[in-house]
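The following pair of complexes shares a single chain, chain A, combined with chain B in the former and chain C in the latter.
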Partner chain A sequence: MRGYVLRRLLLIIPTLLLLVLGTQFLATLAPGDPAENYARLHSTSGVATPAQIAHARVLLGLNRPFFVRYVAWIAGAVHGDLGVSFTRNTHVAAEIGSRLGATLELALTALGLTIIVATPLGAFAAMRHGSWFDHTLRAGSLLLASIPGFFLAYVLIEVFGTQLNLLPVAGREEASSIVLPAVALSAGGIATASRLLRASMLEVLGEDYIRTARGKGLSSVRVVARHALPNAALPVITVLGTLLGYLLAGSVVIETVFAWPGVGQLLAEAVAERDYPTIQGLVVIAGAFFLIINLLVDLSYRFLDPRVRLAKQ
Partner chain B sequence: MGESAIDALVTELIHGRITRRQFVGRAVALGVSASGVAVLLDACGAASSSPTPTAVAPAANQTITIGQALDNYVATGLKSYIGAYPVNANIYEQLVRLNPDYSVSPWLAKSWTQNGNTVRFQLRSDVKFQDGSPLTATDVKYTFDRVAQGGGGLPMLGPNSTVIVDQYTLDVTPTATNYRLVEQIVHPEYAILKSGTVFGDPKNGTGPMIFGEYVKGDHITVTRNPGYWGPKPTATTITHKFIPDATSRTLALQGGQLDLAVDVARSAVAGLRSTPSLKVATAPVGQYQAFYINIHGTAPHDLGQDPAIRQAIETAIDRKGYINTVLAGLGEEVQTFLPPSILGSYASLVKGFSYDVSGAKSALDTAGWSVGSDGIRTKGGRRLSLTMVNGFPDAPTNQGAPEFVQAQLKAVGIDLQITTAPDSASYTSYLTQGAGDLFLETGNQNDGNAAFLPTIIFYRGQTFGNYPKYFGPGGAVDTDIAAALSAPSDSAAAQNVAMAMHEVVDNSKVFVQLAGLSRIYGLHSDIAGFVPHASNVNQNWATVYRTK
Partner chain C sequence: MTAQEAIAWSEAVAAVPEGRRWRRLRVLLRDRAAVAGAVLLLLFVLASIFAPLLTPYGPNTTDFTNTLSGPGVHHWLGTDDLGRDELTRILYGGRVSIGMAVVAATLSAAIGLTLGLISGYFGGVFDLVLMRVVDGLQALPGLLLAFAVAGLLGAGLLNIEIAVIAVWWTGYARVVRSMVLSLRERAFVEAARGTGATNRMIIIRHILPNVVGPATVLATLELAHVLLALAALSFLGLGVAPPTAEWGTMLSQAKDFFDRAPQLLIYPGLAITLVALASNLMGDGLRDALDPRLQRDVTVRCVAAR
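Showing the complex of A and B:
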């Protein structure tokens, strides 16, 4: 077990190195000159002369060869230095840190909401297979998964913010501010997870050990909660793990629509400003989240599924 | 002229404490000319569609929340203008102020004189910073020297440009000939700081509002400055809340989370107007939507060099139709990108073009461009196909414009391909390479210098930017702009700029104006005292107050 975890952790390093390389390469290909952008932003006339642009290129280290910049960035990153933002003059790590709290708060709330809503819906639909509830859930989840996030966000704002005047529609000042963005962000996850859980539950409910449990006289609730759900949850956990990775990377659209000051908004700003260090920092942090969450999901199988434990042994 | 007295009078009118008749009488008594009174009244009313100030007493609760767009404050360095630019929270003030009609008035400086390339400013002696210390020439020198460190800005300030004469007098000499300095320093980037401080430091401005709290990406809050030297604001607290998405901003206004929303979506204006608890205010025209024709491009972007094509483009565009359909009627037909008021009577020097499809076709026929089987013209085997680059300030801002122009040009046999730059950095990249025939933009005039935009876009004598490399006609345009930059008076500068724009529009046909735009604001009906400024960065929010 320890060896497995160590091997997986070590694999994260080359993956991140490749991620940084790919990000830097793609950023270089993108149209727009960050030196010109920097010079213009830092010139009090709002426009940049060729001399100012050339100076900015040297100042930002953009005159150095591609691999020199790559190695320099890696060297800084291992010491916790993700560089300095081209446009804000602030340390990227600090800038991301200041936004990460908002994104974590939103992501974890959306994930919690997904689990709380999708689990009973999926389980109940499987237990009542073929009923009107099952049909409604299937149709409803298909509809929910098909609605673009920004559209749902506007509908939620219109209904709960404007018409009913129940909830704030933008910002992060009040505790209730999180409700609408969290609902909008979790909608797709609820649709996917509930359908997946339903399908998985249907398969599990037909297994011999479930029949045995019922034969022993266990109540339906106990059969589902104790025996069916943990086994049916495995594929759902994989999906939720991936979902959390996406959520932590920041939802650009939802954060923009709800003016939620998280890393998604920061990423959108950084891309628009060709702020390479910030883009690179955000991609690496998001990549690290993905890899760690994937590892945790894999490890969770060991505890949830005895077959995995036995196979490992 | 007694500027503070006039300010007080305007505030009285805005707050509904005097009638318009009383306002006119007192303004004339203060020596304001008839046209000046009209301008002031216009500014107070801002536009016919703006809410007229009513005689309603302020309410007890004076906390106002304003929905702004994206938080574009730079947080550190010399370009850090927290609280000043682009969202002006009225913490700071400049030596001179830009009026809604783009004229310039005294502010922290009570007067100035131009002596050759040097401007001597006489400061007011009754101005105090929010920490209680008086404003002196030392503070102005500190501020301008700071600008010089950042490159000097458009006024071309150098390390030795600002010289203190006495406690309240100083001389400012640009590093090169620049008679437009006074009109340039109206911009909030030239707001005066307390010596030794930076933007965003608490209690360091002279303005009506005091810095309270700034949360990046979320809001900036300011409170009333009880010791303000001018008319005291009624609002006790103003929170500028950043909501980047225009639709969300509009919905937040409708939901009551905002008292006032900046730049509401054009598509939402009719809905807001029909809601009894809401109203819409529009600023005078200060923005423009236009495209420039690349006249110095290389193949395949060299078709703009043909005068017949430029003539056809100018006359093929139905500007009135554009305003009515794409802009939902919320635009004005103007001939240049300059706000009409900035050129004054000289604006008539620029004739512009009328919608004339047959004239456009005829120009192309005469030049040998014959219509092909698909309706697109060809000449010598070459198809008349142009590329329009859309992306400044961003593509969504210009939504609908490329497609409208495409349809109009197709009607005269010109094929238009649309390239959408995802952001302004990409757009700049296309521009730097001259990779397009037509470049579509929405811009804004934020200072009082009539030569500002023509210099950036068309003046081949300037050493920054790529615009003139592709759009500068040279010759008379350069001569006129150079004359405007060194003109001794605003009027002479306006005349020279108008002559340059006449050359650019009517003769060179390198500039195609689509519409003059106004900023649109949505506000609750219990919000009063709002006077929309054509230049949003010069907006005075401190006059806004709540009646209920």
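Showing the complex of A and C:
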């Protein structure tokens, strides 16, 4: 077991090195000269002289060869230094650090909302398999999975912000500011999770131990809550990592629409300004985050399902 | 879809005799939701192809005396900030939006299929390196990586296509590779090798036909995802340059007028939603028709009903 965890942790390192290489390669390949952009942004006239561009090139370290920059970036990253943003004069690591809380707050709220809403929906649809509720859920989840997140966000703004004037539509100042972004972000996840839970619940409801529980005379609520749901939830737990990834990717668009000051908005801005160090830093941090999350999900599965553990021994 | 599911599908499809395949097609045709999805998708495709016949306006015909007007007799869906007819732009926009999604989904499938075939059949160093690359690309959520790639490459139609394809091929490669791993050990491949067939012949004649079906299903299922990913990239300003009518770019432009003319955002948003819904309905039906577990589902229902 310890060997397995160690091996998985060690495998994270080459994957991250590959991500750094890939992002740096793409940044080199991209048209346009970052040094010129930087010099232009920082000159008062809006035009950069050749001397200013040359100065910017040295300042940003772009005069060094590709491989030297690669090694230097990794050496910096090991010490928590992800370089300096091209456009905002801040350290990338500090900028990401100051925004991470807002994004995690939003993503975890959306994840919580997804679980709270999807669990009863999926369970009930499985219990009433083939009923009108089941069909409505299928149609509803297909619709939710088809709406672009930013479109749903604007519909929510129009209805709850402009028409009903109930909820704040931008920023993070009030406690209720999180409601609309969290709802917009969780919609797709609710669709996926409720369908998944329904499918796995249908399988579990056909098992012998459910028949035994029914035979004992347990009420149908008790059978579902105590016997079926915990077992049906197992396959859903394996996709929680994917779901969280989906939520964080969606937060790029949702944070932009609702002016939520998180890393998603930072990525959208960095992408628009082609601020390579910020993009690279975000990609590598997100990569490390997801590799660890996926490892934790795999481990929790082995921990929660005794059958997986026994099969391994 | 996991690799195991894909293998189960391919085996179920391959095991079905010709007559039963038609029955599966009939199952698909009986699924009213799937048929509705296919019809809706076809309508959108035809409407955008025949756009010049359906509307008297051009997609870039401006009318500065009539800007941001609501729906009316002359302009069914109103006009945008430059007085261009919104319905016309949606019809023409479909060409770019649907076209881009189909190209991205097809190319990702083709690239993933080819690399997965080679990697699974020959193994070795190529397989090892390819799988590490796939691991690296799949470490991040697809959409997030597509944002990063498009951000590094810069805005533009070609760049967001590259970004989406660069991310989406990995799924096909992984699924096809694991299917080939089990196929190449099968008796019919052994028999072909015994008759002196070359590796190339075995791959093309014996392995490819068994892999193409599931890969096509996957591509259909992914069409909606690709469409939504491209729309999100366009929305962030990475898409097609403004004068061209394209749904994602239209949405991105409309957000500046959202308080005055929310309908400019609603219409292209609905167009994307409807096309994504149509492909999702079709994909869902296709999965049901091909899924060997459907029968088990029926038995589950019998047990659960008691």
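One rule holds in what follows: the second predicted complex is superposed on the first by the 309 of 313 C-alpha atoms of A that agree within 3 Å, B and C clash if a C-alpha of one lies under 4 Å from a C-alpha of the other, contacts with A are read in each partner's own complex, and residues count from 1 in each chain.
Heads up, the rule we're going with is that a contact is a pair of C-beta atoms (placed from the backbone, for glycine too) under 8 Å apart; a residue touches a chain by one contact, two chains touch by 3 or more.
None of these values were measured; they are calculated from a predicted model.
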Room on chain A for both chain B and chain C (clash or fit): clash
Which superposed partner A:Glu173 touches (first chain B, second chain C, both, neither): first
Which superposed partner A:Ser300 touches (first chain B, second chain C, both, neither): neither
A:Arg274 touches, of chain B and chain C: first, second, both or neither? both
Touched partner set for A:Thr23, first chain B, second chain C, both or neither: second
First, second, both or neither for A:Pro31, with chain B first and chain C second: both
Which of chain B and chain C A:Asn165 touches, first, second, both or neither: first
First (chain B), second (chain C), both or neither touched by A:Thr256: both
Superposition clash, chain C against chain B - the stretch among 24-32, 258-266, 276-284 or 294-302 that is involved: 258-266
Common interface positions of chain A, toward chain B and toward chain C: 30-32, 154, 157-158, 162, 256-257, 271-272, 274
Touching residues (chain side chain C, partner chain A) in the complex: 33, 132-133, 135-136, 139-145, 147-154, 224, 228, 231-232, 235-238, 251, 255, 258-259, 262, 265-266, 269, 272-274, 276-277, 280-281, 284, 297, 299-301, 303-304, 306
Chain C-touching residues of chain A, taken from the complex the two chains share: 11, 14-15, 18-19, 22-23, 26-27, 29-32, 126-127, 129-130, 139, 142-143, 145-151, 154-155, 157-158, 162, 202-203, 205-206, 211, 242, 245-246, 248-250, 252-253, 256-257, 267-268, 270-272, 274, 276, 279, 282-283, 286-287, 290-291
Interfacial residue positions of chain B with respect to chain A in the complex: 67, 70, 74-80, 147, 150-154, 189, 215-219, 241-245, 247-249, 251-252, 254-257, 394, 421, 423-426, 428-430, 432, 456, 463-465
Residues on chain A engaged by chain B in the complex (per definition of touch): 30-34, 36-37, 41-50, 52, 87-90, 98-99, 153-154, 157-158, 161-162, 165, 168-173, 256-259, 261, 265-266, 269, 271-274
